[in-house]
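I'd like to ask you about the structure that follows.
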Amino acid sequence: MELASWDSLIVLLTVAVLVIASLAVPSFGTSRNFTFLVLDLMPIALVALTMTLIVVTGEIDLSVASTLGLTSSLMGWLWNNGLPIETIVPLCLVAGAILGACNGFLVTGLGLPSLAVTIGTLALYRGLAFVVLGDGAVADFPWNYTGWVTGTIGGGAVPNVLVVIVALALVSGVVLHATPFGRSLYAIGANAQAAHFSGIPVARTKFWLYVASGTIAGLAGVLWTLRYSSARADNGAGLELAVVAAVLLGGVSIFGGKGTLPGVLAGVVLLAALQNALRLQDVSGQALNVVTGALLVLSVLLPNLASSIRTTWHRRKLRQAAAH
Amino acid sequence: GGTTKDSASSNGGAAGQPGASADPNASIKTGLKFAYLPKQLNNPYSDVETAGGKVAVGELKGEYKLVGPHDASASSQVSYINTLIQQQQDVIVVAANDPNAVCPSLNQARQAGIKVVSFDSDASKACRDAFINQATTQGIGESLVKMASELAGGEGEIAVLSATPNATNQNAWIEVMKSELAKPEYAKLKLVKTAYGNDDDQKSFQEAQGLLQSYPNLKVIVSPTTVGIAAASRYVSSSNYKGKVTITGLGLPNQMREYVKDGTVKKFALWNPADIGYLAAYAGAALASGKITGKQGETFTAGKLGEYTIGADGEIVLGPPTEFTAQNIDQFDF
Amino acid sequence: MAAIATAGPSRRTLDALVRIRELGIILALTVLVVFTAVNNPRFLSGQSIRDILLNSAILAVMAAGQAVVVITRNIDLSVGSVLGLSAFTVATMMSAIPGLPMAVALLAGIGVGAVAGVVNGVLVRFGGVPALVVTLGTLYMYRGVTYSWAGGQQVNADELPRHFLRFAGGSVLGIPWLVLIALVVVGGVSLIMRNYRVGRELYAVGSSPQAAELAGIRVARNLLGAFTVSGALAGLAGVLFAARFGTVDAAAGTGYELNVVAAVVVGGVAVFGGSGTVWGAGLGALLLTVIGSALAVLDINQFWQQAIVGALIILAICADRLVAVRIARSLTKRDSHV
Amino acid sequence: MGAVLEVRDVTKSFGAVAAVQGVSFPLYAGEAHALVGENGAGKSTIVKMLAGVHRPDTGTLVVDGERTEFAGPADAKAAGIAVIYQEPTLFPDLSVAENIAMGNQPLTRLRQIDRRAMHVNAARLFARLGVQVDPARPARGLSIADQQLVEIAKALSAEARVLVMDEPTAALSGVEVDRLFAVTRALRDEGAAIVFISHRFEEITALCQRVTIMRDGRHVCTEPVGELTVDDMIRRMVGRDLSTLYPKQEATIGETVLEVEGLSREGVFRDVGFTVRAGEIVALAGLVGAGRSEVMQAVFGVDRYDRGTVRFLGRGLKPGSPRASMAAGMGLVPEDRRQQGLIIELSIARNVTLPRSRALARLGLLFGGAERREAAHWTRQLQTRFGRLSDPVGTLSGGNQQKIVLAKWLATGPKLLIVDEPTRGIDVGTKAEVHRLLSALAARGLAVVMVSSELPEVLGMADRIIVLREGHVTARLTRAEATQEAVMYAATGQPT
């Protein structure tokens, strides 16, 4: 899929921010800071991948952060019960898939609006996370796992988790932009009825997307837990808004049918890099929020304004030409 | 309790402190860079604490900086710690939102030569150099039970309104309260429920309502959190439960003045939060100057607060809490 | 062609009853109240009912505004931040000038909210930015403004004038002021949306924005109006919040947006615009509050509470969906040929 | 008498596409003025300028002798112009009565909306059009024909001085068209000016006094209808002579492809049965709302049915699965192209290849120009006019959109093609092209089921005709037996 103008714009903006920050902010460009940056954006990037696919079909999944929390709790609980990590991780992914399947069933099986459903499961899954682990926290995960998540390849500059992110991003990107399945997602998002008439299994497709979303949120939960070596019920609370912000910033239409994965990844990196750079410059947290919000609005507003100014100008030129 | 297991294995990579020994005669360096990282910014309690820190840093001729998240989450604190490492601060004063989650980052900071002092809410022992404890956990738990017993007249139902279900310090105090209540002198006092207001004003408000509806014979609500005690007092003072039930716990005098005056609250306690931040700065300066290393028995002087001795596990205890009543509340302003 | 079934008057009444879109939520509410009251009769005591109504008043006021916006196929996620801004403004103002009458406070709050709403509306309509993006942006921005203004300051109850705080507890004819305001707001907005041209135009805009444009409806003015109403009501909610809770800091109302949206959605307002009612949204707010209070009263394990809230929200949506499907089916029946 | 409305030298382009270039014509009170031209000639663009949706790039509209610029549809409405757009523009969630009254609802003394009066009004309008639609039901779910009727009622209710109708009859059958014309003539005689667009020349001669012909966005001529023959009009519009409109080829009829037996769905159709053989074109005729579309949608699987069997190529077909039907070799060109046939925001190439993307993929991946090549091939076959293959399909003219839907299904190489109103809104030239194509495909062994409301099309193309009335089959006619009278009698139950 060719990059629509918007996506190239956001990619360019992201590159510009990275370059400017490396030049202007001392210690932004260091390899250690790069590792921190990647670790910070990891959960958002992962969850944003499947969120993009879901939003392209015109639905939404607000329960991702709670799914993350619940798998994190589950991980702690299983570890407390003496299971080895090698068993726990697959179990957590399966748990994530099941949670996603529940969302998928409510949305496609019962035909409920996804925004409403996932606001409900947002509360439900977070609640269950507290049921599983209560007020406790589990912290004694083995060092070789926690160390791997925070570590870099061969102690160099490339964080281990970056490999995971890049691999999954590639898979999602190819699926969305270069497979018949990806085509059907755009069709569903733009006009579900026409997609149905074209033989696309609308409900089934959406169902599996929710399963994928749950699984990825589960994976994010595992990595989060290992990164902070702390399994807690409130892990990742509020992450859903950050993910939605990144996806929207990446140019995905909330009404479905539009958007690209490179755009979304650029959106994720842009937000994280800005926050990181501004924090290094001791810009306060409130200002960070204002910047995030303004960026979100401006990113859509400015191209719109530019194009409307262009058309007005064009029309005026035509009128003048006709007057002579 | 909140912390569950010790995170022995999670610190495999932590260097701890290089085997330096303390030099009691070292002079305190000036120009040190202090960064305060409370649980959450714009929380009135944290603000009072860090304001004390600012005063102390000024006295020490250091550079003071305050950073922190808005959401009281451990993950955002980690990002801030990472930033502070990049900026090569000399001392990080931190109130941990999760004792373990901040650990790897704090250890990275210590490897980079930064001294870490925790205050208010401790980080794991293995990843900080010293902890400023407002009062001993035991002492706070005991005094909460004592106040409740006095207010209830020695018998009847009491309930606890806590912060979030996994707040480290709250849970530790509640544990102590429970073991205190098991003692024979409190046999007639019955703890019927622990509710959680999540340090959210409204949720605490609703939880207080729920407690009173579920337990009509309730005599005292003990809320060991400043948000909870204020919300519960506000509810009771405006409802027809006023006079039947009384509130106590840990609160800020400025927030509670109104309810002490209207009789909803007879007595509550707190230490001076500003002193915690103040003490933390002096401890940090002593650490960064090599005067102390955080071992038990080392001593240092903390400005107007006088001399302190480090206790077991690097703990430095501020002192006993102050009890506030209608008689003395007007003498305090924080 | 569609043959119109001529139904007798009795069938029509029954029909109308079954067709009430809010039936699902009314049922859910009834079941919950009865169940809780059976377990703990004090749930229906005067004080308890008063508390529930007071607690839902603020949410209901915001839900009414949100419903208007959602009906136009938009959303306003900034309401929590607007509430915070308005509450802090009013609290600061009242503590600085204690003599100000309540009406001024109310107007100031509404004014602050309306300005915030206008900003949202202008960006959505004239900037061509989707509402979700705009209001997610202003959610951060308005909150940021409040934070940088307030810093760590907090306005405490003892700094606020007596009459301001008494307003929250005070009542006329036994009905607390807050509840009365909520009733007037929800009722008034419902009436306008149902029976006045401007209301129907808002439904039309949400049902099909393109068609509305073509029908000569002033879409810009309508959208601007909808966002202004939502903002103004969030601002009003801010005043009520300040009066009721007495303690206001920069974080007031954080995270409210999800509650408000949940109330609206649970109340049967379709997220794709064009259908649903404002009083349904009000009921949604009531239901959510009742869930919260019932769980506190039922003495359910703390850790299960949030899970149960989530499950109940989903159940309520299911009930609502069930009613919608039945109505749709009754419509096809009526129009059946053959 | 001066013109009520005059179009003066207007131009409009969309990016590189010059849709209208220097068109002028006056419009007088008491006349019905036809606007004809091929698909994409720019008729709807003129309509949208009259409606205030588009602003002319150059040139002006003159209302009552004054140059006027409409800032939006509201202005046009205020100037007394009512418009029926080519694509229905209803509010699906509002009731039919509200749709009609929107903007000028009757009010009570308290300035509240008088619902009772509103419903009475709507019912009166429907009575005038001779149709029955429940004013209280929501517009969602109305058939395309009913939607068109509601649009007409809406325009009538405005009591405008200028009534602009962009292909109002495309979705209607003879009976409704007659009623519509009766009402329109009455309005015209009361002094309203009518702009009428249609691709059916008999309608133009029946209703209009003058005609403006357009070609490629340019004005060709404006003349009294009486002075032109249909052939003249076609020649000026297409730029060349046209051979026959119904080039029916003889085909050898082969094996039975589709067998439908006892198909029923409560309240919509009952006990419908028929067979279709390879090489055969079977037409499903009937009045609007007879249930033809529903039957074929149930057969294809986009809708459910309660009872009955559908056998395709000798095997039972899985009900309710369009995917299975497609895999078996069936295709459906639906009647509502914007809702069911196309994905308006997606590109032409994507739309054409959507049902084929699996087949076009290599190793499961869609790289390179496979989709583009396929789309280019089929759009060329159907002589579609467009800018680039990557343009959104929504920017095409109505007729060209219809061609894209046809292309989409022809590309799947089906053994049975169901076409529901295949030439709705298609110009004569293309219509002949589509007919030739269907006929040629049938000659090569394709089985075709054609649902059509246009009697000449049905009579001209079909080998057999099945007539539906109120959801059940009332006649099965062979090509030899089929006459206009016989079909109408079966469709209405009344002798004509």
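Note that the chains are named A, B, C and D in the order they appear, and that numbering of residues resets to 1 at the start of each chain.
We adopt the following convention: a residue touches a chain if its C-beta (ideal position, glycine included) is under 8 Å from a C-beta of that chain, and two chains touch if they have at least 3 such contacts.
Computed from a predicted model, the values in this text were never measured in an experiment.
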**Study point:** Each chain counted as touching chain C and chain D at once
**Key:** A
Check your understanding: Where the centre means the average of the CA atoms, what chain is farthest from chain A?
Key -> D
Check your understanding: Looking at A-C and A-D, which one has the bigger number of contacting C-beta pairs?
Key -> A-C
Exercise for review: Just give me the whole-number Å value for how far the CA centre of chain B lies from that of chain D.
Suggested key: 74
Point to revise | Whole-Å separation of chain centres (CA-atom averages), chain A against chain C | key: 29
Study note, to complete from the structure: So, in whole Å, the Cα centroid of chain A is separated from that of chain D by 43
Review point. What whole-Å value do you get for the distance between chain A and chain B if each is reduced to the mean of its CA atoms?
Key: 35
Check your understanding: Got the chain D residues that touch at least 2 other chains?
Key -> none
Study note, to complete from the structure: Among chain B residues, those touching two or more other chains are 41, 70, 165
Check your understanding: Which positions in chain A touch two or more other chains at once?
Key -> 130, 134-135, 238, 284-286, 289
Review point. Which of the chains touch, listed as pairs?
Key: A-B, A-C, A-D, B-C, C-D
Exercise for review: Could you please specify the touching residues of chain C with respect to chain D in the complex?
Suggested key: 1-4, 195-197, 200-201, 203-204, 206-208, 210-218, 270, 273-275, 331-338
Check your understanding: Considering the complex alone, what residue numbers of chain A touch chain D?
Key -> 2, 174, 178-180, 182-184, 186-187, 190-191, 193-201, 257-258, 315, 318-319, 321-322
Revision key, fill the gap. Per the touch rule above, chain C residues touching chain B in the complex are 40, 42-43, 45, 47-48, 51, 55, 147, 150-152, 154, 156-158, 168-169, 245-247, 249-252, 292-293, 295-299, 302-303
Point to revise | Residue ranges of chain C touching chain A (in the complex, touch as defined) | key: 123, 127-130, 132-134, 136-141, 143-145, 147-148, 255, 258, 261-262, 265-266, 270-272, 302-311, 313-314, 317-318, 321
Check your understanding: Can you list the residues on chain A that touch chain C in the complex?
Key -> 62, 106, 110-113, 115-117, 119-128, 130-131, 134-135, 238, 241, 244-245, 248, 253-255, 284-287, 289-290, 292-297, 300-301, 304-305, 308
